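What follows are several structures.
Shared between the two complexes below is chain A, which has chain B as its partner in the first and chain C in the second.
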Partner chain A sequence: MMDALSDDGSDVNQDDTQEDVMTPAELIAKLEEAWLNEKFSPELQENKSEVVECVMEQLSHMEENLQRVKKGDAKASIHRMEIDRIRFVLSSYLRSRLQKIEKFFPHILEREKSRGEGAPSLLSPEEFAFAKEYYANTETYLKAVALKRMPPNLQTVDMLKAVPEPCLDSFVFLRVKERQENILVEPEADDQREYVVDLEEGSQHLMRYRTIAPLVSSGAVQLI
Partner chain B sequence: MDASEVEFLAEKETVTIIPNFSLDKIYLIGGDLGPFNPSLPVDVPVWLALNLKQRQKCRIVPPAWMDVEKLEEIRDLERKEDTFTPVPSPYYMELTKLLLNYASDNIPKADEIRTLVKDIWDTRIAKLRLSADSFISQLEAHAKLDNLTLMEINTIRTFLLDSLNCMYKLRSNLQPGSSKGQFKDF
Partner chain C sequence: MFCEKAIELIRELQRMSDGQLPAFNEDGLRQVLQEMEALYEQNQTDVNEAKADGRAELIPSIKLRHCCLLRNQRCLTAYLYDRLLRIRALRWEYGSVLPANVRFHMCAEEVQWFTHYKKSLASFMRSLGGGEGLDITQDMKPPKSLYIEVRCLKDHGEFEIDDGTVILLKKNSQHFLPRWKCEQLIRQGVLEHVMS
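The block that comes next holds the complex of A and B.
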């Protein structure tokens, strides 16, 4: 019984390195990075459906193996604990994306529309369907509850204006993963001058999200 | 972020345990663990160490920095310097709390360590409050926060970021409905 488990465990490792250059441990680290970035950034980040799918695959593979193990096996319970921890990160990540979609849906859909051919999508196909449905439902609801009782000239609502945009000027905490030079810091008050800072690897900073937004998506900095 | 989520991240740190059972190598998704042999020390993540400890299957070896003399040095340095000094572990507060709550019988002078870590924490948080205050009053746009731990950032995050946003909103004096200066809340 024990052997069956450990053999399957090593299989998982091999499978993944073959189809993907990442090891499962790196995969989990990627998921955790994406989770923290998503939690702390004011706007929706690019979707990481590849990572999510790989993690789901790992989880279901491991769960299948555990099905075959008898109850009370010491190894199985440790594996289950790990699965629970990974699943928590995964669902917290997906949940925080859904919350952002619910909050900024007209703007996110607008960005999807204006996205160029071949540019990566912000949303996974499932999230896109969710956003569209949420838009339609909100519109129907507003109509049914209030708008249809309004005078005819007030019956339309522009969702883009009605829902606040994400505030890219909010401050974020970040840790630098790859050294960056000459990051322009805009002044807070009119009597101050703008200046540049270098972000050393491993250092931590507090600054506006707008300044470093491209670095977050490129993975050069990690929000904390 | 919730404090419990920071603790969750801290539980990924490794700690040495001395198991009292034997078990082959375990191939977890996040890496291999073991093999476990009675009275041979082995490194495991804190979440597993605490679980085994609660089931009385191991003894936890406290990390090297969890030592009264070392912590006293850190505390004195922290009090002397105006800036934040490097901490022994990026999760020192969480690990102290977790290990002392669940494995205090494995840690010599547990009470003294608890007090020392609390002293270090208090000194650092006082510094953090001071620097947050000067950050706001001098209208800074950038701050370097080396040596701050995630838990420390987290205790001040909501309050500091919300006040910065509010001040920005007041300063930029934008009309509601204009495209800029709108905030998360409806």
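The block that comes next holds the complex of A and C.
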């Protein structure tokens, strides 16, 4: 489908000058991976703003091409459908992130504050601004409507204690992309030996998110 | 018993488990705050007495009142926060203009919170893709078909679709329209998706 659009004479892939050139198909595959991981993980994943920006560029190109196609041409509806599908995945991805940001806002902001200089940011700059505004808005509201009318020693609420943290022990389905050895599922305890598994490439599992969280960020497993 | 009014507020919300927003219980809120004030004042008196006269037997009731104060604070913040979550859902359900009957159920501070929230959301959406912007409150469902059959539930006047044709949306008229154009109107209750 993407190739059909390039055949229309448009320059769809504008990343020629960059080192790692991704075909449109690869870009959309990356978006879908990020989308699934975000949907199925209990905590917020690393932000992928480069993918978001590239996909939006892609969508603009596709919309432009669509304007050039003759109205009523059968191709037009298929391209239209594809644009809508990609836009749905992108919107769903961003919504998923926003929902988690709102749900866990004090913890996410705390993580950003204490993150080291070189460590990658969990939030895009726009998401960070949104998260801070959400925090301020909610705090101001609670103060104005009730807290300021309470006894002096009860006029603040510790957001970190009041808002629950994501449950990292929830179970997730995953598919293994890169073989992993000696994944510690259960540590050794008084009544059991340590439970360790190897994850074969292509296999699918149902495991606690906490066990495989680093493998999701590294791309070694894909949540499904 | 202490904290009963606070629990009542929470039960009020629990009764409406479908996310509906009941009227803001200004009275209930005031009663809980008054109870907190009374408990606090009693504790102040008792603490002073306990310190001045060494009356250690006052300490259990001081502790009890303190626990009630904390419980009241917790219940109130839970009540208020749960309402915020329902109000937040309204932005995603109805769009940035709330129906009048919903707005009547919100107190002034909640309306303010909503205003700030939708501004924040709007600037976030505008900034996506390096300033290009994307309305992520659209495309809530995966696209199944390009065109859908819709029935008009109320008069909405003229409506232009992409190829320039103008459709008159009169109550009870049915049209075969592009799905992406109808989404917003369906959510607002102007159009109804007819599934045969």
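We adopt the following convention: the second predicted complex is superposed on the first by the 198 of 224 C-alpha atoms of A that agree within 3 Å, B and C clash if a C-alpha of one lies under 4 Å from a C-alpha of the other, contacts with A are read in each partner's own complex, and residues count from 1 in each chain.
To be clear about the criterion, a contact is a pair of C-beta atoms (placed from the backbone, for glycine too) under 8 Å apart; a residue touches a chain by one contact, two chains touch by 3 or more.
For clarity, every value in this text was computed on a predicted model and none was experimentally measured.
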Simultaneous placement of chain C and chain B on chain A, clash or fit: fit
First (chain B), second (chain C), both or neither touched by A:115: neither
Partner with the higher number of touched chain A residues, chain C or chain B: B
Touched partner set for A:161, first chain B, second chain C, both or neither: first
Contacts of A:171 with chain B and chain C, given as first, second, both or neither: first
Which superposed partner A:85 touches (first chain B, second chain C, both, neither): both
Contacts of A:206 with chain B and chain C, given as first, second, both or neither: first
Touched partner set for A:95, first chain B, second chain C, both or neither: second
First (chain B), second (chain C), both or neither touched by A:151: second
Chain B versus chain C as contact partner of A:28, first or second or both or neither: first
Chain A as apex of chain B and chain C, Cα-centre angle in degrees (nearest 10): 100
Superposition-derived minimum Cα distance between chain C and chain B (Å): 7
Shared contact residues on chain A - chain B and chain C: 81, 85, 88, 92
Chain B contact footprint on chain A (complex, rising order): 2, 6, 9-10, 12-13, 24-25, 28, 32, 39-40, 42, 58-59, 62, 74-75, 78-79, 81-83, 85-86, 88, 92, 103, 161, 164-167, 169-173, 185-189, 192, 197, 203-208, 224
In the complex with chain A, residue positions of chain B that touch it: 1, 5, 8-9, 21, 23-31, 33, 47-48, 51, 135, 139-148, 150, 153, 157, 160-161, 164-165, 168, 171, 177, 179-184, 186
Contacting residues of chain A [partner chain C, same complex]: 52-53, 55-57, 60, 71, 77, 80-81, 84-85, 87-88, 90-92, 94-95, 98, 102, 126-127, 129-130, 133-134, 137-138, 140-142, 144-146, 149-151, 154, 157, 162
Partner chain A, residues of chain C touching it in the complex: 29, 33, 36-37, 40, 69-70, 73, 76-77, 80-81, 84, 88, 107, 109-110, 112-113, 116-117, 120-121, 123-124, 127-130, 132, 134, 136, 138-143, 146, 163, 179-180
